[in-house]
Structures are given as C-alpha cells and as structure tokens.
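Below is one structure; the comments refer to it alone.
Read from first to last, the chains carry the letters A, B and C; within each, the first residue is number 1.
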Amino acid sequence: MTLHSDSILQVHGLSKSFSGVNALDDVQLNLHRGEVHALMGENGAGKSTFMKILIGLLTPDAGEILFEGNELKNNDVNDVLKQGISMIHQEILIVPELTVAQNIFLGRESTQWFSSWLNDRDINQQAETLLQQIGLEVSPKTKMKYLSVAEMQMVEIAKAISNNAKVIIMDEPTSAISDKEVATLFAIIKDLKAKGVSVIYISHKMDEIYQIADTITVLRDGKYIGTKSAAELDRKSLITMMVGREINTLFPEKSSSKGEVVLSVKNLNERGKFDNISFDVHAGEVVGIAGLMGAGRTEIARAIFGLDTFSSGEIVLKGHKINIKSPCDAIKNGIGYVSEDRKGVGFIPALSVKHNITLASLSNHTKWGMIQDKSESAVATQMINDLKIKASGMDQKVTHLSGGNQQKVVIGKVLLASPEIVILDEPTRGIDIGAKFEIYKLINELTTKGIAMVVISSELPEILGMSDRIVVLSKGKQTALLSKEEATQETIMKYAMQH
Amino acid sequence: MNNYFTQLGNSTKQRARGMGQYGIFIAFVMICLILSLITPKFLTVSNWTIIVTQVSINALLAFGVTFVIITGGIDLSLGSMVAVTGIVASLLAHPDDYPVIVPVLAGLLAGVFMGAFNGTIITKSKVPPFIVTLGTMTIGRGLALILSKGRPVSNLSDSFNFIGGGSIFGVPFPIIVLIVAFVVCSVVLKKTILGRYIYAIGGNEQAAKASGIRVNKVKMAVYTICGGLAALAGILLTSRITTGQPNAGAGFELDAIAAAIIGGTSTSGGTGTMTGTLIGALLIGVISNGLDLLNVTSYYQQVVMGAIIIGAVVLDGWNQSAAQR
Amino acid sequence: MKKIYLGLIALATLAGCNQTSEKESGEKKMVIGVTMLSMQNEFIVNVSDEMEKKAQELGIELITVDAERSALKQIEQVESFIAQKVDAIVMNPCEVEASSPAVTKALAAKIPIINVNSETSTKPSAFVGSDDVESGRIAMKFIAEKLGGKGNVVMMHGYMGQAAQIKREQGAREILKQYPDLKLIAHQTGEWDRAKSMSLMENWIQSYGRDINAVFAQNDEMGMGAVNALTAAGMKDKVIVVSIDAIPDALQAVKKGTLDATVFQNAQQQGAKAIETAMKLYKGEVVEKEVLIPFQLVTKNNVATFIK
C-alpha cells in the first residue's frame, strides 16, 4: 500500500440532529489523495446523513469541512459539484429516454455558450473519450434505458470524471450488479486511484471492502468509532467496531430436522427465462438457489408464487398438484414470497407498519367486510415484538423505517398469512449486519417450526451458511443440486458459470 | 429551506406536522372567516343550507372519484354519467307512470352499469383509465342525446322532484343524501377491507398484488361505486332542476377531481380522505356562493376562483412538506 | 377523439352524396350543406328540424352537420361542403368573428351562403333570423310595464361575449335607460344553464331577499332555474320572471303561471325561410339581404296559440 501524506478532504466535529435526535455527533474523516476509503456502519449509523452534508444536500449544525485546505461552507449541491466532489447514488439518477452522452452532460448544456440548442456531435465525441477512459463499450448515442444497471453505474462514474471530480462518493455501488461487473467496477476504481482521485466507498459487503479499500472508517449510532488501515483490521474486529459487540458466528446453528416433502417443483419451464427446473423442499429444510445475475432465480420464484406465468411443468404441494394463477391462489395454498425488490413488490410506503403487516391476512380480521381493529392491532403488535421490528409505533409509515426493519415488516406480512413454505429472495440485500443476523436466526426459527424454506441469494457465504441443499442455476438451466457437504464457494461458482 | 427548518425548534415541527393534516381545513376556515367579515349575509343558517345543497352534487361525484384516484386511477366520464343517469331516471319519472322508486333504481342501475363498464375495460385491456374514461365520456354524452332525442325531458312527477327539492324537518333532501353518502363512503374507505385494499393498490400495486389482493376485482368495485355515486348525483340534479337535460353535467368531472385534490387526495394514488374531499367540495361551493353574494362580476369570478383554489392547494403543499421534514 | 368522430361523419356524408348523384343522374336534386351551432340546444334542433321539413317539401337534399360550438370545426365543415360542390350552404354561426372566414370562403367559391339565427361580421348572401336586441327590449319592456316603471331587477346573462348574450343585454339596457326608477341591482352569468342559474338565484335570494321585484333571464333554461329557486323560497308570487326562446317547458310554465312571460323566437319561420331563401338564390332569383322574423311576447293570455 502506498502512503499518502497529503489529505484532500478533512472533516472535524461534524454534528447534525433531526427533531432533537442526533444523526451525527462529532464525526471526523481524513481523506487522502488517491485513496479508497471505506465508510462502514450499520444502517442508521449516519453514513447517508454524513454524505448528504458532504455534497451540500444538508447543512450541518456544527463542524467544519476542509476541501483542499479551504472551508466548504453554505454550499449548495452545484457548488460542491463544481469544486470536485461527486456522488454516485445507490438509486441511480438517470433520464432513461436520453442518450448516454446526454445523461453525462445533463444540466451542463447551457454552459456551452455557443449553442442554446444542444450540439449533439460535440457531446457525443466528449462522451466517447470518457467511455473509453473507463472501458465501457457502449455507444454514447444509446438511450440510457437500454443499459444494464452496471452500465448505468459506469455512466454515472463517467459523469463524475467529466465533472473533474477529485473525490467520488459511491453508495452501495454493487448492490444491483453481477460479480463480473463488480470486477470491472473495481478495475475502474483502481484506475481512478492511480490518477489521484479519492473514493469514499460505502458498502455492507465485507469481501468487497477488503478487496478495494485502503482505509476503513467506522460510524455507529451517529458517532465516530475509528479509522484503521484495511490491512491492519481483521473482519472480526471490524464487525465488533460496527455492531458494538462481538458476533462470533454470523450464521447461527441450526436445530431443525427434515420432515416430509412439502413442495415439489417438476420440470418447470418458461421460454426465455428458465428451463426444466425440478427440486423438492422438505418441511424444516432450507433449499438455497444460487446463480449469477440473470440466471433465472427470481423468475422461478415469481412463477411459483403466481406473479408470472410458466409455460409447462407442475407445482405439487404435499402430493397434490396445484394450479396457481395469482399470488392470491399461492397464499391460499400456503406459499409465502418475500421479493428481492423490497420497494417495488414488498411493502406499501404510504401505509403504516400495522397496515402493511396485516395486508396479506386481513380477511382473518374482518366481519361483514369491516376490519376488526382490535384483533388486527393485536396480531400486528405480536408480530412487531416477535420480529423485533424497530418502529416508533405500529402506526409509523414504513417508508421511515431502516432497510432491515422494512424487510422484517415484509417478512412479518408473509408469516401472518400462515405459510407452510416461504420463499425468501435476497432477504438481506442492502441491510446491515445486525439485521442480517436476526434474519438468519428467524430463518432457523421458522424451520424449527417445520416451515419449508427456499432462500435465493447472490451472496455465496449466505447460501452456504443457511442452506441444507443448494440448487445452482446457469442461464435459466439447473446445473446442479448440491448437498450441504458437497457445496463450497468453488463448486457453486463452477456450476453457476457452466454452459 | 433546510436551514430555516433546522433553526426552528422541535415544537414548531410538531405543530407543522399537525398543520399538514388540517392545512386545507384551516384554509377553508380562513376563507369563511373573511367572507363573514365582508358580508353579514354569509354566515346565516339559510345561506349555509343553500351552500350545502348546492355542493351536494359535486360532493357525491367527488366522493366517487376519490376512491378512484386513491387507487391511482381517474374517471373523466363523471359528467356524462350524470347526464345519462338523469335522462334514464327522468324518462321514467313522468307523473302517473311508475312509483318514484322505479326511476331512481333505473338511474342508479344505469350508473352502476357504466361504472362497471369502465372497470371492465380498464382491468381487461390495461389501457390507462385516463384514455378509457375519456372514451366513455364521449360515449355517455352520445347516449344521453340518443335517449332524450336531444331534447330536455320535462314534466316530472312531484314525488320525483321531491328528491332534489324537498325537505325533511326543514333539512333539504340533498343534504340528507350528502350526509348519508359521506358517512358510508368514509366507513368504506377507513373501516372496511375494501378500503384498505384501495389504499394498498394506490400505494404500490405490485406489492398489493404480491400480498394476495385481487387487484382487478378491487378496481372493478371502485369504478362501479364511482358510477353509482355519479348516478346519485345525476338523479339529484335532474330532480333539482325538475328536468332531464342531455347536456347536464358537462365539465362536472373537473370540479369533482378538483375537490378531491384540494382535499389532499394525491393524483399519484395511495393517499386521500373523504373528509378532505368534503372540505374541498365545500371550499369550491363557499367561494362561488361568496362571490355571488358580493356581486363580483362574472369575469373576475373566474379569476378569483382559480386563484383561491391554487392558493389553498399551495398552502396545503407547504404544510405537508413542512410536516415531512 | 371528437376529430375522428367528425371525420367519420364527413366521410359518411361524402359517401351518401355520391350515391344519390349516381342514382338520380337524370334530374339533379338541389343539395344544401347545413352546419348548426349545436345539436345539444333545443331551439337549434327545432330550427334544424323545420329546415328538414321544408327541404322535404321542396324536394331538396340536406346534409346537416353539428359544429359542436366550435367555430374552427364550422369552418372545416364549410370547406368540406365547398369541396363537395353543394348548391348552397346554410350556416348557423358559432361566433360573430371566428365563423366569418367560412362566409368568405363560400362566397369566393361562388356558392350562396345563408346565415340563420345569428350573424357573422362578414356579410353573407343573405341573413335569416331575428334581431336579438329586439327580444331583450320586449322582455324588459314587459317587466317595466308590470312594475309600473319602478322596482329592482336582476339579470342573468348567457355565456359572456356570445352574440345572443351581448344583444339581449343591449336591448334590455335600452329599456332600463327609459325607466330611471327601474334599477338593475345585480347581473351575473348563468351560462345558459338551468342548474347554474338555480344556484345563482338562490345566492341572490340570500343577498337581496325581498328587494328583488323581477328577474330577466336571457334564455328560458335560466328563467326556469330562477323559477325553481324562487318557488322553493316561497317568493314566486312576488317576483316577476321573464325569459326568451319559448321552449316547450317555458310555455308550460307560462300556462301554469310560474313563468310570467317568455319571448317567442320563431324556429319554424327561421328554418323554413332559410331553405326558401337558399333555393331562390340557387335559382338566381333576387332575395332580401336580411329576412327578419319578428319576436312575439308570450303571456298567459296568448300562450295557448303557441303550445303545439
């Protein structure tokens, strides 16, 4: 590791409170030129607030920010951008109908004094050069909507570079892209680093942090916990710093025993999505589904749950073939599904925790179509306690909860419909370590109760840690059904990349 | 903005949050207060009886469209449904033809049928509600003209004319209909499983579907209810003006949608209340009544009406965003 | 949407036209293109029906279209008539200024064009209708005489800025000037609409109560709305209501005594004279430039003669 003595960004004593609650309390940061600096912490640790202050979206209550020796004060987003700090947001902000080049230069067209209308050829040329720099092989004239999530991210990076960014903040940049694309992203980050650009990297994925980061700063509950060189900080200590207590094993011991077959999927097909998928799930068992992005994992889950159709094959529940046309049928047959797309398919933001959690089982609490508030509140309270959902009350809107708690609300909703089989699709995506651990514990509790589980995940350690058996998919085809003993990261990857 | 609100203390924020919910109500009270200061004729029992009677038709339509807007849809055929149901009812309401229940039921049935037609096309075809109901708006207008042969249907029975013109214990019948409809609609929206599903679908249709809600059935119900309420409005209007007019109700959908939106129903779906909609409808009625009382010239009336509506919604918007911080 | 609809009508009429000319190539039937302001207005529908009757009587073929109150649409319709080479055009103009280009175009194509019921600023081959100013005078004169030249009047306008509204107001104000003790205490638009006017009258009752002695409504729909509101308030006996057009509903009301008077605008005469004038022009006969059909006051005394 190279040592950098000159720092580009220094933050001291930064504080910010909302409604009397401290979101940030005396936080510091020292970012060097050409350094990749990981910012770690559980959800709610204050990372987002910190970054929002840095890019001028929020004004701090106290503290100072020195950028290249000058104090940044009372700046709005555009000032900060001009000075050279760019952020690549978790939810990528693009205009799908515009071209790549137009997106890169969005909002800066008017600075080109020579044209009030846009000189497309000019920006296309500039964009071409930028795209070459970062090694992205798309035409600048392509409309943004035709790009993959990873490619969109690259475009955002190109945009940051075109802004002459000296500091680039990346918020969970790998949450929606495949392993291969992650490799490309990391190559670009290394390249940026070599050019003296500093990167603040936010992620929950430990493996990535150790691959890419030089330095790690940890926040917890809005407080600064410490900064260490990545080489000196082992995983266990990092987790301890983040959660404030020691977590010995991330994956809790399982105690359930395998029962009879609950769900059999037989030769399930859907043209262009998946092909000839067959597996059984026993009561009390966890079957993992592994595969790269686009392997068809989510598509299979959606087909079983009745959200999408399939062209042939059978779904057999406890020996009876069932006909599922909609999620309503699936729920009636005791199938529960927690989507990977928590915001899109999981919860309803405008509704309260209570109303979300009872939504799939509301007919249990009605008389003549009228909702019986007492019985509804009772089960909601029970579930909130059981899952340890942190909310100010059951009437709080779900939007205002952290990712982990939102996920628990969705799981609670599925559980209240008394399923016999639960499909969890990326159950821990974008949620912090503490909440992850609780969800793993919950999976174990459910299997102990005899519920059959299917877990889909992109994180191999998670699949390996939780599953009794693992279905591996590659490009829509089932390439392996591995037992716990057979499965290692290497065997899974081998089958996942098999053609 | 940020600076300003962080400087304000905790207590101010709490108050702002409270205001957000009642913003439009406060705007409404303020306008009433101003009007009662300017003209002594405004704040009288008889004037308010008239205001509420006049508002009842728009309010019924607004209740219906509130359901629809909460699911994320829209219904532009309200005005045409008013005309069709009014014509159907009036054709059967001549003296000595049938007992009054017959034209009323026939009108309601016509509205329910048209609403169900909207619902069917919208759920089966996946064509946006805006387009579908724009189509039924034109179809409905045509039907009203065909049924009436382009002429008003007059000479209606006294018992039919009682619906819009009569009173029970001094309370005009339209006000009674309004109150009953308001209570029923509020209960449906807030207390029944259908109401919860309506909010869920508007909040996130995919998530609602994944929660086992039969989205199409709920939408179907919503457009049908909206048609039924439009029929009620059509019958009230026909009875009030003692004649069925094929061109009645033109542009009513805009007033109804305005009432819902002024009352805090979001056009993107998922939020809204019947109380808000009722206040929205009353606000429009009060402004119109007040301007007539003050004898404001026609030209200025339109300007003032538009300005006050924008002002009320802007004020509400400020309060809402203050509450969210 | 309406455009498509209109296009279909145009196509249908075109097709219909071709058929007849093929069939009866021996003796060519005279064809008149008719565009009406709005077929949702009862009086206009009556005029249109009378034209149809007259045309049948004279063996003339009519192509009648509805301009749906849009002057632009009306111009397009006249253009299509010109393209179809009709023998004459009868137009019931939507607007004074905006419908004028239609007249210019027809005249340029040497097709006689007759305005019926209301005027355009460009003078057509002939005008058949009544002078709306006169109807305003008749109505207000009746009120003045009934009140003995002294009292408070309210006036309900039609859509502001339309020819009928402007002229009826003008006529009423001429009379008001002659009676200095007759005061116009309020005037407001009821948009030609019964429900709107009923609400307006209710609000006026709140505002002026028993100070109101008479109501002048610029059409019967609004007059009926005012009657409804006054009856509900128990004030009908004390307030005179007069309106214009003599639609069947209004005639019934005059007969019952709830409406004090209406002014009869002769749809039958307007329709028939328009077709007659068109035929004369087609045959090259000399016609009067302005055929004015007189208005008639309808009260309880003579209402029986107007009810069909």
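Throughout what follows, a residue touches a chain if its C-beta (ideal position, glycine included) is under 8 Å from a C-beta of that chain, and two chains touch if they have at least 3 such contacts.
On a predicted model such as this, the values are computed, not experimentally measured, just so you know.
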What's the overlap between the neighbours of chain A and those of chain B?
-> none
Taking each chain's C-alpha mean as its centre, the one farthest from chain A = C
Quick one: chain A and chain B, Cα centre-to-centre, how many Å?
-> 42
Distance between chain centroids, defined by C-alpha means - chain A, chain C (Å) = 69
Please compute the C-alpha centroid of chain B, do the same for chain C, then give the distance between them in whole Å.
-> 33
Numbers and ranges of chain A residues touching at least 2 other chains | none
In the complex, chain B touches chain C at residues 39, 41, 44, 46-47, 50, 53-54, 57, 134-135, 138, 145, 150-152, 154-155, 165, 237, 240-243, 245-248, 288-289, 292-293, 295, 297-299, 301
Listed in rising order, chain A residues that touch chain B in their complex are 19-20, 58-59, 61, 305, 307, 326-328, 330-332, 337, 339, 341, 344-351, 355, 359-360, 362-363, 366, 369-371, 413, 417
Sites on chain C touched by chain B in the complex = 1-2, 5, 39-42, 45, 157, 160, 186, 188-189, 194-195, 198-200, 202-204, 206-207, 224-225, 228, 232, 247-249, 252
Flag every residue of chain B that touches chain A in the complex, lowest number first.
-> 2-3, 6, 10, 13, 187, 191-194, 196-197, 199-200, 202-204, 206-214, 270-271
